[in-house]
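Just below sit the structures, each encoded as structure tokens.
Across the two complexes that follow, chain A remains constant while its partner is chain B and subsequently chain C.
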Partner chain A sequence: MKKRGFGYGCIFYGTGYGNGFPDISRSIAELDTKGHINIYVGATEVGQGAKTILGQIAAEALDVPVEIVTLIHEDTSITPDAGTAAASRQTYNTGNAVKISAEELKKEIIVVAKGLLNEDHLEISNGVIRSNTSDKTLTLKDIAEASGGGFLRKDGIFQANTTEMDPETGQGNPYWPYTINAYAVEVEVDTTTGIVDIIRAACSQDVGRAINPSLVEGQIDGGFAMGLGYAIFEDINLDKGRIKHNRFTNYLIPTALDMPEIEKIIVEDPESTGPFGAKGIGEPVMIAAAPAILNAIYDAVGVRLTEIPVTPEKLLKALKKREG
Partner chain B sequence: MKKNLEVVGKSVIRVDGFSKVTGKATYSQDLTMDNMLWGKTLRSTKPHANIKLNLTKAEVIPGVVRILTYKDVPHNHHGVVFKDHEVLSSGRVRSIGTPIAFVVAETEKIAVEAMKAIEVEYQELEAVFDPVEAMKEDAPKVHENGNLLYHYKLRLGDVDAAFKECAVIVENQYKTSMVDHAFLQPEAGIAYLEEDMVVVCAATQYPHFDQLEIAEALEVPTEKVKVLNPAVGGAFGGREDITMQIHLALASKLTGRPVKTVYSREESFVAHSKRHPMIMSYKTGADKNGKLIAMEAKIVGDTGAYASWAINVLRKAGVHATGPYEIPNVKVDSYAVYTNNPFAGAMRGFGATQTPIGHEQQMDMLAEKLNMNPLEIRFLNALKKGSKTATGQILEESFPLKECLEVLEKAFKKDAKGVE
Partner chain C sequence: MKTINVKINGENYTREINEDMRLLDFIRDELKLYGTKEGCGEGECGACTVIMDGVTVNSCMVMAFQANNKEILTIEGMEDEKGLHPIQQAFLDEGAVQCGFCIPGMVLSAKALLDKNPKPSRKEIKEGISGNLCRCTGYNKIVDSIEKASQYLEGEDQ
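Take a look at the complex of A and B:
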């Protein structure tokens, strides 16, 4: 028999290294000789979108078209240390460092422009330096050429706010900020085979502010898939320290066919310490999926599975046990 | 001043997308160089043993250039927190998959042949695979200082007194599995020399830390090591700990030639960290209205043979054990324990992925006992701006859990079939 059920999962997640460990990101913003912006930062693009969204943050801070911003992050000899691409920290932490370096570069560009135009009230708008009091303009290439043919470079550094907890009581402020989400799923359980099918899901995700909504949605899709695998498929299956499931013929991960339609809801509540209000989401998006699925399985068939993954064998055994 | 955001909030097309979907992106597998050698890693096949190596048969195979062992490593230690991994084992292996030797040969085929020709004599030691067993006094010791690596304590209020006040209490034990990151791109890398600088190209998630660890192991100044990080096919924490980076750097330095290695999927499974399996005992109590009063949790995490990030992961599990709820009386003890299992480390969620398997089922069970809706009990107990967490942290801003629940409720009801 096929039975359906609903379940919810809510989580919070402290981003950053935590517990007082110095969580520092560094960035260099540069105006090159062509009038383009280069951001040097040791933040790895692991697929999460760092290379794209850090460019957006720089473009926004400088008020230049995003197309003229290039992220350079692939070489330790020319990039400053921006910490690890982990702990959901690159958007928040390195995003702040990039923003600071871009703002500093912007100030420097204005200083050079003031000298060239002999005017005091200047701003950058969509990559063009404009006077507020006359119709004089300059391009970024003009600034680059005027600064001796060299490069204008400015540093940015950001350190997250975290304190070490008391070793006896665990009291303290280990993380900031916290990212939150709430997921809901509907499952269909086949009580004959023990197979769980995820029918549909809705995911509401706190992001502070979404730097790039499509990339947020992509993270939710990927995170949900990983959480689904955690709930019902994945186990390396250890036997006396040996991994028995060591390839994809026996270590099962979800495919597109296992994925339900997901309604993704981005909840914006800008965080004042985040770059344009943004928080990290890379890990949180994965976490609420598995508990929501477990609760939905209970709702469908009335048995609690306290051990994951809920394989068909485990589920059938639990159903049988209940029937006595 | 600017009024509106122009670029932030726009779904700019990802800048690395085109090269990745068209196959043009360069991954470390794709790199080849003139005069390049191939490396293969010999790994332990026993979970706990003293070993002796005999290289005689392997060394004479034509095309074998060099076989690196621990004797070739200037500083034979690495690790993200404790330096408890050996670059190559100096005589005792603590898990299956521990690197023992790195064979460098003219071709990949010869490297594999030579790796198989190395004779390893294993003197097996008693091993322990269950973290609860490993915590006992008489358990086999994985490391000299004992198997208990870390104990995090969280104390708020008085749980014993508070449980007496509860109208309902639920108590359960939860278990999570050891899982793999299953990133698309197995580990691969190439190292070469640029004058007196060693250059390592490898898929990593923290190139500057790799640079430090390579420099330490080779005992060279940091600026004599350069890490290049081409396209990375996913990481999820599995590329935090060093895998082949030091082997490659050392091999290139000692042979003077470029050296490449590529792991198969099977080797990838044993080479990098795993998610900590956890055994979590939860006791949660609420008053008759569903308001949470007390929670007690004991969490045992299996870190396998090496520490990696275990301290930070079990601490994070402890901090997040309550879930996003306000509970005035909380007691959490989380433990990181060594076993002879594959080592566990960073993986997406870092300890806070395991605990919701417990706390979220506890919430539903309490709701059922109280005849409440699962959403209702969550709304009632949700942390919000201004709340205090179990660690005493005041949530000074942005904590929109209730907002997340409200929109979720609307979205999920909207097209629900068969529910009100």
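Take a look at the complex of A and C:
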């Protein structure tokens, strides 16, 4: 018999290294001789989109077109350390460092421009330096040439706020900030085979502020797929310290056919300490999927599974046990 | 040693190869076409997918000599003088690429599907790429982009 059920999962997750571990990102913003902006960060792009959003953050902070910003990353001989692409920390931590370096460079550009124009009230707007009191303008190339053809460079350093928890009281400020989400799924359980099918899902994800909504959606899809595999498929089957399921024939990960359509809801509640309000979501997007699926299985067939993955064998055994 | 003639991405190659060479190694090591990826090396993940005589194959499971007198398309052959293939463009437009390792295989599976079935349903698209594993994207944006590619290709034909 096929039975359907709904389940929900809600989580909160502290991003960054946490518990007092120094969590520092560094960035350098540079105006080169062509009047283009280069951002140097040691941040690693692994497909999560760091390269895209760090360039966007720099462009926004400087008020220049994103097309003239080049992100130079991962080359440790020329980039400052921005920490690991881990702990869901690149958007928040390195994003802040990039924003600080871009803001410092902007100040420097304005200082040079003031000298050239003999004006006090200047701003950068869409890549052009404008006066608020006259119609005088300068290009970024003018600034690059005026500073002796050399490169204007400014550093940005950001350290996340984290303290060690008191081992006696459990109090402290281990993580900053926290990311929150709520997932809902509908499953169909085949009580004859024990196979669980995810019919559909809705994922609402607090991101502080979505620097790039399309990338956020991609992260939600990917996180849900990993959470789905974690919940019902992926079993490394450890035996005396050896992984027995060491190939894709027995360590099953979701295929396109296993993934439901997902309604993605991006919740924007800007984080006051984040770059333009943004927070990291890399890990959080995975976590709520498994509890939501296990709750939905309970709703569908009335058995409470407490061990993952809920393979067909385990589910059939639990159903049989309940029937006594 | 054995001599084979293979047409890859429209060009003819004649090479002497060892009988135990896999097609994947012929493509990567002999022809230096590094777009084709090796994932599991046992026909489960689809990262090494190429199209041979119109059909997708896992190039890790095909011996190079089996490609003798066959025509093969790899990811490098998708682009032409006009630029990216509409399927590649659709993947970019939909933001379907994350780490990118599965993408050459995904694009070729999408091409084989759309060549046979120009207007597939989402279910048919999912079936068409079910032999290509992806750990990052959760597939949904890849399915979106194959739907979009179908529209782009229809527009090209008109």
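Here, the second predicted complex is superposed on the first by the 324 of 324 C-alpha atoms of A that agree within 3 Å, B and C clash if a C-alpha of one lies under 4 Å from a C-alpha of the other, contacts with A are read in each partner's own complex, and residues count from 1 in each chain.
Here is the rule we go by: a contact is a pair of C-beta atoms (placed from the backbone, for glycine too) under 8 Å apart; a residue touches a chain by one contact, two chains touch by 3 or more.
Just so we're clear, the structure is a prediction, and the values are computed from it rather than from any experiment.
Applying the stated contact rule after C-alpha superposition, one finds that A:Leu257 touches chain C and leaves chain B untouched.
In the superposition on chain A, contact of A:Phe158 is made with neither chain B nor chain C. With both structures placed on the common chain, the touch criterion links A:Phe224 to chain C but leaves chain B unconnected.
When the two complexes are overlaid on their common chain A, residue A:Phe248 makes contact with chain B and with chain C alike.
Of the two partner chains placed by superposition, chain B and chain C are both touched by A:Ser214. Using the contact criterion defined above for the overlaid structures, shared-chain residue A:Tyr40 touches neither chain B nor chain C, since it reaches no partner. When chain A is checked against chain B and against chain C, the one touching more of its residues turns out to be B. Across the two superposed structures, the residue set of chain A contacted by chain B and also by chain C is 46-47, 49, 214-215, 223, 226, 247-248, 253. On the chain C side of its complex with chain A, the touching residues are 40, 42, 44-45, 95-100, 122, 125-127, 129-143. Chain B contributes residues 2, 5-16, 47-48, 95-96, 127, 129, 152-156, 172-180, 182, 204-209, 211, 223, 225-237, 239-240, 265-266, 269-270, 274, 312, 315-316, 318-320, 323-324, 332, 339-342, 346, 348-350, 352-353, 356-357, 359-361, 363-365, 374-375, 378, 382-383, 390-393, 395, 397-401, 403-405, 407-408, 411-412, 416, 418-419 to its touches with chain A in the complex.
Here chain A touches chain B in the complex through residues 4, 6-14, 17-19, 42, 44-47, 49, 51-52, 55-57, 59-60, 63, 66, 71, 73-77, 79, 81-87, 126, 165, 167-175, 177-178, 180-184, 186, 202-206, 208-215, 223, 226, 229-230, 234-236, 238, 240-243, 246-248, 251, 253, 263, 265, 267, 269-272, 276, 278-279, 282-284, 286-288, 290-292, 294-295, 298, 304, 306-309, going by the rule given at the top. Interface residues of chain A facing chain C in the complex, by the touch rule stated above, are 46-49, 214-215, 217-218, 220-226, 247-249, 253-257, 259, 261-262.
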